[in-house]
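Look for subunit A in each of the two complexes below; its partner is subunit B in the first and subunit C in the second.
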Partner chain A sequence: MPMKGRFPIRRTLEYLQKGEIVFKKTVKIMTVNYNTHGDLSEGARKFVFFNIPQIQYKNPWVQIMMFKNMTPSPFLRFYLDDGEQVLVDVEGKHHKEITQHVRKILGKSDKVLEAEALAKMELSNPANFGPKKYFLRECMSEVEGQVPHPGLVPLPKEMTGKYRAKLAAVSDD
Partner chain B sequence: MLRALSRCHDPVFRLLAPRSTVLVETVRGRKSRTDPKAKSKLGRIKTPPPVDPVEMVVLKERFTEYNLILRALRLEFKEQVLRKKYEDEVGSAAEERAKREAEEHRSLMAWNDAENLRLRKIREQRVQKEAEEAEMKRREAVLLRQQELENYIKEKERQIIQLQEEAKDFITLDNLDQRIEEALDNPKNYNFAIDKEGRIVKRTAFQ
Partner chain C sequence: MSGRQASVHAKWIIGQVIGTKMKKTAKVRVTRLVLDPYLLKYYNKRKTYFAHDALEQCTVGDVVLLKALPEKRSKHVKHELADIVYKVGQVVDPLTGKRVAGKQYLEPLTESTEDAEVSLTEKLGQLNITASAPPSPS
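Take a look at the complex of A and B:
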């Protein structure tokens, strides 16, 4: 499968998961107005090209729209839950500056993200056994160092029930 | 395993599912419904195990007590979880948290507005500068055009004057005879060579 597009790294999971911006719950729509030519829109163009995939991956329920060549200067507009609109001017900025700015005003902070990850971990206890879909292991025999399943590896003679029964019968006699 | 399979994402619903129902399915084993009973089991009369009444009474009491305690514990834990959820969403701490978040949001919006203002000032200055430059260029262009026009006019005038000067030496019908006489009287010798500087180097004799 050949690589598609100019910077196919943008399509890799690793790149997408490295996205920094996770929006707060109140952000519903994000709109980017930028121009295809011109020096001042360069940062906005790069932002759209490199960072928007990461943002959409991390926020699948936020609607992101791009508008080209509608206004002389580029800007971002966020529409929040309570009807508030946040305007961010990005004329002449570098795309990294834009991401940091957006993260500061509308992104969840590191502490909040960590707390959320911790809460999510608490839901799934690795010590539980059950179907592979929900838990790590189904049976104790899958753990390293434990007695393996007799269906895969035959048990040693001394552990089988019939040998023990035979021994018990012989010792009784 | 059944519990895991029927897991809902909302833990509250999971907790409130009835726990008194028996979660055992009947298992048929190897034979189906239509298979007849085994011949060895023809005369078998299944009798339940005998019950000791004294033991029964004692066990019943113990079991009621045990069930009571366990049920109480379960309900306690359920209530704790529900209370925690309620507190998270609609509680005193939640209100403070919401207020704090609103404060932070306001401050961040203010910071964003300040940033926008700063960029706006820069943009206005740039636009102003560009307008001035355009104005200057326009004026210069006008001047240049004027200058060119004047130069053109001057050149044309010079050419007219030069022509007038030359017109004095033209050969007309009046002085035709006179000029012919002059030409015949003064033969011109064009047999000369020049070097790169334009000076005449050699002259050969007129023939």
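Take a look at the complex of A and C:
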């Protein structure tokens, strides 16, 4: 049973997480003006269709607004935190070119993203045990190859406390 | 408590004006894209904000940029009008600076070339280039 829609791959988590553009902290608002007809707006239309969901997924706190058929030529406009506005002309450009350009001017670079991922990894140590919400495992019995929880699988007689106590009592005598 | 916190989470927002019946206040509708958790598709979610507009220069249908005030002005007003981005009926194309309506320019893009040619010939005529040598000062 295939997914519904024109390009349903846009509606998968894997596609959304593959978004390249992570905006810098100063970018607050992104506005796209494009036209619904015309060859010059084709790149902008494809950009809105394919890439805007990826951008919004990676930047949930940036407000993105679309305006259709307001001006003859398509453009992007970014509003930064200090009141500055960045205007990007996208007339005639391919949607991949637009993403590359936006990434270059206002996106976090690969190095910064890697450093952030590393810092995040350092915070959560996989060797720690605890509640499922914060850690990978709660008890050593969940690890493969370790003694399973006696509630699920009965322990062999030699490991039970009462057998050992009986042995100790017999050996003492 | 560590320092004063901003009155609102959103510092800058863009929205469309839907009402101006209040004195010096504009009702602005802001749309944000929200992911539907099952369909995994983004839809516009609306929220109305009230913005302080000291000069009452907004009309219904303008697209405006709002800035968060450092502290609330009244119970509902937490933003002020920073800039009118697109005034309804008088949209200015930021790339060229000309007035625009939909896909057409209302103002001509270039100056008409005829005037330029006429003035050029006039200017050449005024130059008075002659072959005679100027009188030498002595």
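Some notes on this structure:
By definition in this document, the second predicted complex is superposed on the first by the 170 of 173 C-alpha atoms of A that agree within 3 Å, B and C clash if a C-alpha of one lies under 4 Å from a C-alpha of the other, contacts with A are read in each partner's own complex, and residues count from 1 in each chain.
As a convention for this text, a residue touches a chain if its C-beta (ideal position, glycine included) is under 8 Å from a C-beta of that chain, and two chains touch if they have at least 3 such contacts.
Keep in mind the model is a prediction, meaning the values are calculated, not measured.
Superposition note: with subunit A as the common reference, subunit B and subunit C can be accommodated side by side.
In the superposition on chain A, A:R77 makes contact with subunit C only, not with subunit B. After superposition on the shared chain, subunit A has more residues touched by C, the comparison being subunit B against subunit C. By the document's definition of touching, neither partner reaches A:F50: not subunit B, not subunit C.
Look at A:V88: by the touch rule set out above, it reaches subunit B but stays clear of subunit C.
Taking the C-alpha centre of subunit A as the apex, the lines running to the C-alpha centres of subunit B and subunit C meet at 30 degrees, rounded to a multiple of 10.
With both structures placed on the common chain, the touch criterion links A:I105 to subunit B but leaves subunit C unconnected.
In the superposition on chain A, contact is made by A:P131 with subunit B only, not with subunit C.
Minimum Cα separation between subunit B and subunit C in the superposed model: 8 Å.
On subunit A, the surface patch touched by subunit B in one complex and by subunit C in the other comprises residues 73, 87, 89. Taken in their complex, subunit A has these residues touching subunit B: 73, 86-89, 91-92, 101, 104-106, 130-131, 134-135. Residue ranges on subunit A touching subunit C, taken from their complex, read 10-13, 16, 28-29, 31, 35, 38, 52-53, 56-57, 63-65, 67, 69-73, 75, 77, 79, 81, 83, 87, 89. By the touch rule above, subunit C contacts subunit A in their complex via residues 10-14, 30-33, 35, 39-42, 63, 65, 82, 85-86, 91, 93-95, 100, 102-105. Within the complex, the subunit B residues that touch subunit A are 1, 4-5, 7, 108-109, 111-112, 115-116, 119-120, 122-123.
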